[in-house]
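Both complexes below contain chain A, partnered by chain B and then by chain C.
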Partner chain A sequence: MIRIVTLTYGVVLMLAGAAQAGDLPPEPVTTFTLDNGMMVVVAEDHRAPVVTHMVWYRSGSADEPVGQSGVAHFLEHLLFKGTDRLEPGEFSATVAKNGGSDNAFTSYDYTAYYQRVASDRLELMMQMESDRMVNLRLGEGDIATERAVIIEERNQRVENNPSALFGEQIGATQYLNHRYGVPIIGWRHEMDALDLNDALDFYHLHYAPNNAILVVAGDVTPEAVRPLAEKYYGSIPANTDLPLRLRPAEPPQIAERRVTLRDARVAQPYVSRSYLAQERDSGAQHKAAALELLAEVLGGGTTSYLTEKLQFDTQVAVYTGAYYTGLALDSTTFDLIIVPAEGVTLAEAEAALDKVLADFLATGIDAEHLARIKMQLRASEIYARDDVGGIGNRYGRALTQGLSIADVQEWPDILQAVSEADIMAAAHEVFDLRRSVTGWLMQEGVSQ
Partner chain B sequence: MMRFVLSLALCMAALPLRAEVEVQEITTPGGVQLWLVEDHSIPGVALEMRFRGGSSLDTAEKGGATNLMVGLLEEGAADLDARGFARRQEELAASFKYNVFDDALTVSAKFLSENRADSLALLRDSLIAPRFDGDAVERVRAQVVSSLKSDEKDPQEIATRAFDALAFGDHPYGRPKQGTLASVAALTRDDLLAAKAGVMARDRLYVSLVGDVTAQEATALVDVLVGDLPATGAPLPGRAEVALAKGVTVIDFDTPQSVVVFGQSGIAMDDPDFFAAFVLDHILGGGGFESRLMQEVREKRGLTYGIYTYLASKDQAELWMGSVASANDRVAEAIEVIRAEWQRIRESGVSEQELRDAKTYLTGAYPLRFDGNGPIANIMVGMQIQGMPADYITTRNPRINAVTQEDIARVAQRLVDPEGLRFVVVGRPVGLAASN
Partner chain C sequence: MIRIVTLTYGVVLMLAGAAQAGDLPPEPVTTFTLDNGMMVVVAEDHRAPVVTHMVWYRSGSADEPVGQSGVAHFLEHLLFKGTDRLEPGEFSATVAKNGGSDNAFTSYDYTAYYQRVASDRLELMMQMESDRMVNLRLGEGDIATERAVIIEERNQRVENNPSALFGEQIGATQYLNHRYGVPIIGWRHEMDALDLNDALDFYHLHYAPNNAILVVAGDVTPEAVRPLAEKYYGSIPANTDLPLRLRPAEPPQIAERRVTLRDARVAQPYVSRSYLAQERDSGAQHKAAALELLAEVLGGGTTSYLTEKLQFDTQVAVYTGAYYTGLALDSTTFDLIIVPAEGVTLAEAEAALDKVLADFLATGIDAEHLARIKMQLRASEIYARDDVGGIGNRYGRALTQGLSIADVQEWPDILQAVSEADIMAAAHEVFDLRRSVTGWLMQEGVSQ
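Let's look at the complex of A and B:
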């Protein structure tokens, strides 16, 4: 009885805190669309004279032609070579001469380029970024050297790292038909064969203003950004032949799958489990929100369910985790990991994990725990204000993965509205072994 | 065409930016050195603390004591056990991060204005009264052991450890900060208490605060936060002699890409030539894509995904370090190119254009770092522990701009040492003569 009273009191206190955090003024974000279809997002923060200028393309490795894995990322590297107006390397050199830094990144659903500079250098960045949207000039020499670079990148990120190799095998097993099963950086044998035409074909098909989003974050105003965006990006004609993003869909997944990778370089064996899961869909983010909170409840740190049961109540594991990647254009995954304690086999660890999951499905969620998680989510909105580049990033990732501005802005409230019943319903649905891959990463020559 | 004429003019223009940060330097009644920047635009505060010393205070026998102790600060304090502490932190939506390096123990905290008092009370408990409960010690020890085992199979870690051992021998810098499997297994609760008393003392503490707090409030809260820490801690280790000679150490490891750590003696931050050396390093390998090594090893030859160098100016020794990774059959060529660039910059210094570009980058990039409460707090506490005055923020760029080609040539002659440049290669390199 006393315990219940205390619990209620705690919840009330925390909700009061959450309500206060909710009084935060709206994010200083303005959006508009140019006549050619290019979307523009401006996130303001005038505390420091800095701006991050980003262009996001709605194309990534999952948009590649079959047999050319890695071409989206290869092209990302090649965009730092020359254009009609810029010598190879001159883009980054010019950013550096202006005290800025620049880079780019490729994912399954997007490719993005950014520069971080003093805010009075924004126009120069727009000149150069709009130039390479359509005026890329590549030679055979660029191709050979840069292909060697991306192969070394694959060596560094994947070939030298058994965990990364393991992740590739799990992904390839999880997706029976969809391109998310192919690594972003590409399979090595297909990377070896990438040529100039592959890169240019991808470029001409996908790089256009109506397939791009401009994000400007920092010490700028929308009034200052609009005329510059119109001048540099608005003058580029839309690509009327832009393909629809129709990827091969997954068939019903009906068979539980298992992967075992043995590698002499493995020091710490572990079990990984991934389940096919619904992503955040525009106008329908509630299930994804429940999965997001499910990952927090199960694996979000010291007080989470898996940690409690597998590291505190019993010492089966040295580490456990739960992850959900809601931002994706197509079906995503919900992942669990358990790193067994000394003397615990992978089979025992997997069995313990499944037992704890079954217990969780039977017992449900501690209301106080959920209230704490929601309080932290509210607070994270305040902390996020300290990093305007991060706010810009959030919009870029969402808008290239099928969401709208409204979806991004409604997300915090959708998360707060998730109930315990919503989370349990999502858990019952997602934890279906027929749509799962269980992976064992093991030392070579060790039997379990 | 016209547009790019304009852009050229922009490049040449002097950068008008200055970092507009108003630092209040406060010595609290309790004697704590506190730097504060007030900014009330976000209802939260970023707090950074540094204790000088870090894992270099560990003896060989007690290797990893400081690291294990730091890992336990958030695993129960005062009347809260590990889970109670974590729950309380979640209720307050506060973030505390504790870390340890060779030369410092770091605490990074952020909390909401509305929960400030309670957040600081909880943080204080973790600093003053960590419990080191037996079950928590064993749980975190198992995590450290798992991490140590992983390090034994990680080529980057293998290379770094071998390099540190070569460079520093028996000095604490020559040992892994996490300790060894044997030393960690032997650590007792008393060892953890001793490690805490050695490093977490007020005579080596620096604090910075940025955000929604006034000077009066900050002064009072810092004294409450750390006032009950011991006044003095353990003596710092003595100077380390850097003992590196030209050559290549090869450590056999069956993996497709060789990982290389290389380096030679460096330069102290208070050396009059430090700024010239800093610019020199930027041009050679510190400056990202524009550096000579990136251009020669990656852009022209495609031998790596990335190569970089940096001046590692520690409290008790100075190194000039670098790292690269290349496929086993290409790493010998990468090393050959690095050596040639080492020789070239020693003999012919840098061009006027390279120096100008380095200065515009370094001076232009500096103010861009001050773009949030967290980053500003971090920069300030770093300056404090390095013994820099607060006006360094305004004097730093003029000192970069004062570096001349002659300064660089002189420092290149003095510092760049092809005869002391050591490589440690982990992999199965082809055609590489090992001196081991």
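Let's look at the complex of A and C:
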């Protein structure tokens, strides 16, 4: 079974997350809350007799206790061990036997579990998922086995990948105080020490109906979902000790930072730049929308500003990118990347990037370019409708990261309403080197 | 009343901490432990009829809960408020009325309170200090008043001082995971939010006899101290919920980092460089001793290597320094500083520093220079004997930072036993740019 985990912060294009058509009516989404505080979201789509059943916990790696990095993701793995009713591995085997597929993923702000099955198997999924919300049974053997698995996962994805190591070092340097600076998968030395108590403490504190959101998307009706949700999830008592979700905020970032990682395995050196940026906030998404469009204008596709200036006009770079990670509970980042062409040093590439940014700030946006981007966003919103799992994903991610259903549904129109002036104002604000980290990933022993 | 707090990490010369003569017999120090776990250290010195009475808590800013930076120091201030027996301010007034002086200080690893009084007032000090260990009475008014005081202290010492701000940003960049990266005085936005519960929670968790060390130095005997200690401190029950002192360790530091702070108030720009370094560990102080001597060789006084090469020979710098902060519970730093001469840019100064370091690594140590340093260390150990308060300070700092009485007493001989090869090995190990932060403090608007 594949586990999806966002290993390096930033540099994940979230275009899909922006997709929902404002010209279209909003998706038929129904929400209600069970007596124990569990939120339920039902997104109807009757085009095929399948359903995606997801449980999202409002707890991720940024909610971990200090010194136990990786425990949220570790616990995600352990949820596939046994309960009072199920043998280890039986959960996924049962899903597969019923013709479905299942998976789980952990990020900074959430942990989520889902199954995609024929819609007449929904009750079975609810019965099993609600069971492991509270009845997990773990032994020391499970811990040793699964700890080896997550460490191997870290080896594969991070230790063997200079870009991932680079991303970790940049993240740790970007955040002076907040746990977004600690990798989701965990620092290796802390993963080594994770034990049964750490996993159970996180489980008992965070896995409860009043910290969870049930998302059911597909060929179902709210009327059918409600009694099942009440039967399986509604019978679980709320955790009255659930902690407030208060993370340490960043102090004012006042000093430009730089990180250089040299690694013998680097085949292609590059420069990355991240700036601390405002995230999407409930009822106040306008600035985030401007940043989202700024990323598109600068780095979205082959007609973008950076591509045109740095790849076509001057041929300084073989690749450029701009990324904004708007979905986050707390302060996020706006990221730029430039991969220099053969014979161009990192210093030259960085200087060229800064020159182009300065030109952009001075000259502003081409109106036609912006109109084209907005049209593409509309199109992608329509395509996104076809992915039922994606709809559940979109609501689950938003709701665990401080947004509401209305925020999700208003987002496409907020994006369309962004003006050129809004984007330039956002650019002038976000491109502040005092809140930035510039990273050079270099080959060991090669001077630049 | 003055509060001493180490505001910026590093850059504090600890020569005094190294002082104790190996040629001299060890100081007459007696230790014992009360039934409730409180350690007592008595250092006799009968040359004058005075005594220094200190209580050291094994808790400092690095033991604070996440998001509550500054609470250890805040609580230190609040301990001068009232108890059941004493009015606010009465503690220090009583000390003064008895001809004594008192103070307190907070660091990463400890919080300490002391009074210096005529030795016949020792019992009164014990009565008052043991009283406020458990009987503190705080109201909302105390919180509001004293929070304004610590914020004003931060304004004075940090916000108005670009060097202090610079030190904070460097510290936060040096430590990727450990709380030594958070300032002792606290991040301003977290200080603003400190409340009565935060202070009381820290107090109830950490202020207990089994987390404290009583140090009495001066004109006393262990025989006189013991019954008083038992009467006043021995009657306080141990805190059985005292947490283990486990701090999050650093992940491998693999990427060179840089910080640039531009501030209009900077009169004198400079370059600072810090390297993660091993601290003094109990029973294993040899590497730390080599680092201590390395700092002396490179930066101690006018005959040091950096001074000679950068100030006299080439006149690139008007000041250079090398500092090693060996006393720390967890990984510490080795720091270099170069203040360029008029007309020398920061880039030129940094390049000159790196060139001189490379030369030093290639050529090694002048044997006569090392012998002279060791002789000076012996002399300073003898001088240090004259400062009775300093003796208490030395033991208190060591014992709260993981060392034993034996470690303190062996330290001078360990320093003397360090060879040139030991120092060079330590230098080759510590000067690893991958574990370093290089800082440029610059005047706003001036390019370098």
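In this section, the second predicted complex is superposed on the first by the 425 of 448 C-alpha atoms of A that agree within 3 Å, B and C clash if a C-alpha of one lies under 4 Å from a C-alpha of the other, contacts with A are read in each partner's own complex, and residues count from 1 in each chain.
As a convention for this text, a residue touches a chain if its C-beta (ideal position, glycine included) is under 8 Å from a C-beta of that chain, and two chains touch if they have at least 3 such contacts.
This structure is a prediction, so every number in the text was calculated from the model and none was measured.
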Check: First (chain B), second (chain C), both or neither: which does A:R47 touch?
Finding: first
Notebook entry, point to check: A:Q311 contacts which: chain B (first), chain C (second), both, neither?
Noted result: first
Item checked: Which superposed partner A:L165 touches (first chain B, second chain C, both, neither) -> second
Notebook entry, point to check: Does chain A have more residues touched by chain B or by chain C?
Noted result: B
Check: First (chain B), second (chain C), both or neither: which does A:R258 touch?
Finding: second
Margin query: So in the superposed three-chain picture, is A:G283 touching just chain B, just chain C, both, or none of them (first/second/both/neither)?
Written below: neither
Check: Taking the contacts chain A makes with chain B in one complex and with chain C in the other, which residues are shared?
Finding: none
Checklist line | Sites on chain B touched by chain A in the complex | finding: 1, 3-4, 7, 10-11, 15-17, 20, 39, 41-44, 46, 82-83, 86-87, 90-91, 93, 95, 110, 112, 114-115, 138-139, 142-143, 145-146, 149-155, 253-257, 259, 287-290, 295, 298-306, 325-327, 330, 357, 360-368, 370-374
Checklist line | Residue numbers on chain C that touch chain A, as the complex places them | finding: 66-67, 69, 165-166, 168-169, 172-173, 176-177, 179, 181-182, 187-190, 246-249, 251-252, 254-262, 434, 439
Next item on the list: Give every residue of chain A touching chain B within the complex, in rising order.
Entry: 10, 13-14, 17, 20-21, 24, 45, 47-50, 80, 85, 89, 92-94, 96-101, 116-118, 120-121, 124, 127-128, 144-153, 155-156, 159-160, 218, 264-268, 301-303, 308, 311-312, 315, 318-319, 339, 341-342, 372-373, 375-376, 378-380, 382-383, 385-389
